[in-house]
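Some structures to go through are shown next.
Below are two complexes that have subunit A in common, paired first with subunit B and then with subunit C.
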Partner chain A sequence: MTISEYFELLFTDYTLGTITLGTAVLGAICGMLGSFAVLRKQSLLGDAISHAALPGIAIAFLITGTKDTNILLLGALVSGLIGTFWIRGMTHKTHLKSDTALGLVLSLFFGFGMLLLTFIQKQPNANQAGLDKYLFGQAATLVKSDVVLMIIVTSICLFVLLLFWKEFKILLFDADYTKTLGFNTKFIDILITFFIVLAIVLGLQTVGVVLMSAMLLAPAAAARQWTNKLSVMIFLAAILGAFAGVFGTAISASQNNLSTGPVIVLVAAVFVTFSFVFSPSRGLLFRQIRFLKNRRDLELKKTLQFMYGIAKTHENISHPHAIRILNNFHGFTRKTLQKLEHNGWIKVSNQQWSLTNEGFIEAENLYNQLLEND
Partner chain B sequence: MTSPQIEIQLIAVVVAIACAIPGVFLVLRKMALISDAISHSILPGIVIGFFITHDLNSPLLIFLAALTGVITVILVEAIQKTGLVKEDTAIGLVFPVLFSIGVIMIAKNANDVHLDVDAVLLGELAFAPFDRLMMFGADVGPKSLWVMGVILMVIVLLLIMFYKELKVSTFDIGLSSALGFSPVILHYGLMSISSITVVGAFDAVGAILVVAFMIAPAATAYLLTSDLKKMLWLSICFGVISAISGYWLAHLLDASISGSMTTVLGIIFLGTYLFAPNKGYFSVLYRQRQQRIEVSLLAFLLHLNNHTEENERHVNHLNEHINWQKVQSKTVLELAQKNNMILINDDIVSLTEKGEDFTNLAIEYIITNKDDKIEHMKDDFFLFRG
Partner chain C sequence: MKDLKIAINVDDLTVAYNYKPVLWDIDLAIPEGVLMAIVGPNGAGKSTLIKAILGIIDPIAGSVSIFGKPYEKQRKLVAYVPQKGSVDWDFPTTAFDVVLMGTYGKLGWIKRPKQAEKKAALEALEKVGMLAFKNRQISQLSGGQQQRIFLARALVQDASIYFMDEPFQGVDATTEIAIINILKNLRKEGKTVVVVHHDLQTVPEYFDWVTFLNVKKIATGPVKDIFNDDNLTKTYGINYKVAVNK
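For the complex of A and B:
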């Protein structure tokens, strides 16, 4: 199947439509909440919590004995939340740093989950097969009810986000100020963390434990490069996440033997790389161009200053001097000379330069910070 | 005990020790999550190595995979240096991408390779004794035991050789560069060692549980001591204890060996986290409560010192004036009385001589804000020792 065939089939084929819608919605909610995770410096929470959800899934299965997605997700949510609050407790109450706390919760919960999973496998319950799909995620197992659940959660999340927009925003950028204004910071904090955990848990089935962190981070990290405004960033991240979901599904469907999760992550990674390089204000490319431009500007001014130093000693400032004497001066090129002439600061005629009046004044005020720079 | 059982435990113990030593330094250098990133991102290196060698224990594969680990660290640092995103975001972006590449490489060549993502991520210690190393036609033991044994020896050797340098650069980067030890070389050395350890251990315990063996013993030890040497010994002990008891737990439950070893690690850590003297959860809670009461007592005494009017010093008035709950006011009053700092006559509180001395010292401390004043005060008036 080629990619164009995929898009033709998208609206007619039921399974493909469901999966695509599912990954798109997942990408959107992850982008939305991932923005908060990135800005709150909780980027790796996604990694830790997705691993920490495993014992919850196993315990939920052990208790109920059914493989109902909603119950398993509830278990994952509970154990993810326990993990989150333990991380918080560790960093607040002991001198262990957040990286150690995250790593501990990640590996210890996951290990316990593995113990439970292998324990379940030995049970005579034939139902247990397929529990490990949560480990690596399989978008192909998405059914309509899963997608409906995702859409419901996304809308609730969007609603809460709009309802507490002001509180979330202010807590994000100035927690101390929020406290002095009398907001219940603990409640807002728990609320946003709860939704981040919820998004992570929702994504487990589709992209799996390991890749969940990229799903959460990549759209947000890409969106961050294009704007300094929170609302725009969240909107952009949601769109990028959704696109990553759709493109990832399209590419993996068009090839054999390509699981959806890794492809979505790679598509998102391409978005991130593109944003890192080509973003107009923060991107590496434009930063380098700006850097070169500034350097040229500085060299131009250095040359002008040097000329000024020579011209100052003469009574007639426009007295011509040989270009030759500039030659051993660092930062001088033929181009700078042309640029200087273009600006009307010097005149060049038969291998000689002379400072104009404007050039003299410009050079005089070069280091005068009181003057408005144009 | 049968001989495979002994061998499995031996491998587990060697892995535990080999992980615990670099783990201590990772935890102290706040780089614990790098080990997680490395453990995932070595996947493409393993896959390429496996294409070439078709042997999970070959030195070339270990070298390639460790190289991918170091590349991960370099990539993370390069992204971080651009200043576009924070360090944790950089880690969170790099390793899933590398891992995805590895997964796709496996999927694309699924027909030619007997390599499973599950196997790489989760490992299976129970199969380790079946992969024997043959030397000169004789069976000399399981391959992974030899691989991990060599890695462990290298780690111990390097630790002994560079102990001083590692110690200085971990706690004081400035001093170590002033002394002429390049922090960069030590940093990348440590990273390479961690990568090699992760790679060597992954097929025994799995990539994710290597992280547990690196971080958990070190973190547990860190809660118990602040001495680097003790911390190293303690984390080795914790690693070994959980390796052996984890094996028997798995035996009992008939479940994953690496999973139960991690569970034992988790139980040990949880116990230490809750009950460790000085740094554990409960002792911190207790200390914070004590400090709160001390501050309350001080505020109370200062209040008394400020007011001579009787109505300001009435017991009932204190409730509303300092805005305390009833219970707290009672504790503070009793404490002050027990320390002979106040006298209560007809519900009117007044400072004793000792209380006045104390208050004056406290005011002096508040004005000068010098630590030696408050230390001195603590010696003079043992608030909680009657």
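For the complex of A and C:
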């Protein structure tokens, strides 16, 4: 199947449609909530939570013996939340920095989860196969009820986000100040964290424990590059997340053996890379271009000022001077000379230059101009 | 001395982060209408004192009352200017938006700022001379401008008491003068202003009330009575020579 065939099949093939809608909704909710994680500098929290969810899946299976997605995800939610509160507790109550707490919880829970998975695999129960799909996710297992659940959770999350928009925004920016205004910051904080855990748990089936944090962070990091407005950033992150889901699914479905989760994450990574390089205001490319242009501009103006200094000593400002006296001036090149002539600030003939009237006025106003542009 | 109405009363306040107390048994009565500096060496607990009064930090013991009532009931009378370095200035928002946050407290949960709040925010921006920068992304403001934005955010709260944590840190002379003029205006309006301050040289010029702090309260009172070598030495542990302008 080629990618174009995929998009033709999208609206006729039920399974494909379900999976695509699922990954799109997942991408959207992850992008939305990932923005919070990124802005709170809690990028690694998502990673820790998703890894912490693994033992919950295993324990839910051991207790119930079923592989019903909702039950397993409920287990994941519980152990993800326990992991989160451990991290919070550790950072609040001990000297440990949050990165240490995150790392500890991540490896501890993940290790325990892996232990349980191998234990389950050794059981003589025929039903046990397939739990390891939660490691890297398997989008193909998404069914309609899974997607409906995703849509419901995303809608609730969106509603809460709009309702508490003001509170979320001020907490993200300045938590201490928010507290002095009389808001219950603990409540807002727990609300945000709870939704992040929920989004992660929803994504485990599709993207898996290991790569889930990329789903949270990549769209948000990409979106941040394009805007300086929080609302736009969150909206954009949701859109980018949804696109990553759809394109990732398309690529993996059209190339038979590619696993969907990693492809989605890679597509999101492409978005991030593109944004880092090409964003007009924060991107590396335009920043470098602006930097070089600025530098050339200043070189040009400094050269003009130097010429002005020389020309001023003569009664006639258009008195010609030898080009070679400029050679000692740092920042002068043949190119600047051409550019100065092109701007009509000087005239060049027979290896001599002379300041024009425009050039003289320009140089005179240079200092004031620099002040104004500041 | 004439009878002064007490704006802020702190009783037995003790704060500890780990084992060592950061603040020990602080009793403090700050009269209404003063412009007060809290001075003391690094680690003396100056910022902690403000944060404990404002409930940002839980004290081990002690209580705070504002105009005779518990602080929790009087929050709307109190505004706070945190240290500039306490937030991430690359946060995606504008100067105007940050100032508007000052209105959130009176709005309460869920309600959004309307025309009245926006107008108040613009007025506060104008007071600190930052109206022209209202749409500027906050990371593109200079340190002094960021400080003014924080000040405007507190002004928009229209409080009776202002707590400020080192508002003069890392600002140039022009901004420092602009800020101190705003603080003096607040005092003129009868507001009480409490400032964590580092520069001892400017204390007599800027403030009329001072508290010396070094884990314990060393002294508190009018600058002209207690800002002397004796208290400076007690607070800083060395013989601190400062020319006190009489």
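Assorted remarks:
Here is the rule we go by: the second predicted complex is superposed on the first by the 317 of 374 C-alpha atoms of A that agree within 3 Å, B and C clash if a C-alpha of one lies under 4 Å from a C-alpha of the other, contacts with A are read in each partner's own complex, and residues count from 1 in each chain.
We adopt the following convention: a contact is a pair of C-beta atoms (placed from the backbone, for glycine too) under 8 Å apart; a residue touches a chain by one contact, two chains touch by 3 or more.
Please read these numbers as outputs of a predicted model, since none were measured by experiment.
Partners subunit B and subunit C clash in the overlay (superposition on subunit A). When the shared chain is aligned, subunit B comes close enough to touch A:99, but subunit C does not. By the touch criterion defined above, A:149 reaches neither subunit B nor subunit C. Within the superposed three-chain model, A:259 lies in touch with subunit B and out of touch with subunit C [touch as defined at top]. Of the two partner chains, subunit B and subunit C are each touched by A:41. In the superposed model, A:229 lies in contact with subunit C only, and not with subunit B. In the superposition on chain A, contact is made by A:110 with subunit B only, not with subunit C.
Contacts of A:183 after superposition on the shared chain: subunit C is touched, whereas subunit B is not. Touch criterion met: A:218 reaches subunit B, while subunit C stays clear of it. Comparing 292-300, 310-318, 328-336 or 346-354 from subunit B against subunit C in the aligned model shows that the clashing stretch is 292-300. Residue overlap on subunit A between its contacts with subunit B in one complex and with subunit C in the other: 41, 95, 224. On subunit B, the positions that touch subunit A within their shared complex are 27, 30-33, 35-36, 40, 79, 82, 84-86, 88-89, 91-93, 95-97, 99-101, 103-104, 107-108, 110, 117-118, 121-122, 206, 208-209, 211-212, 214-216, 218-219, 222-223, 250, 253-256, 258-263, 265-266, 269, 273, 279-281, 284-285.
Of all the residues in subunit C, the ones that touch subunit A in their complex are 18, 51, 54-56, 75-76, 78-80, 82, 86-88, 91-94, 98, 101, 104-105, 107-113, 137, 153, 157. Interface residues of subunit A, counted against subunit C in their complex, comprise 39, 41, 95, 163-167, 169-170, 172-174, 176-183, 224, 227-230, 232-233.
Interface of subunit A with subunit B (complex): residues 38, 41-44, 46-47, 51, 89-90, 93-97, 99-100, 102-104, 106-119, 122, 132, 135-136, 210-211, 213-218, 221, 224-225, 257-259, 261-263, 265-266, 269, 272, 276, 282, 284.
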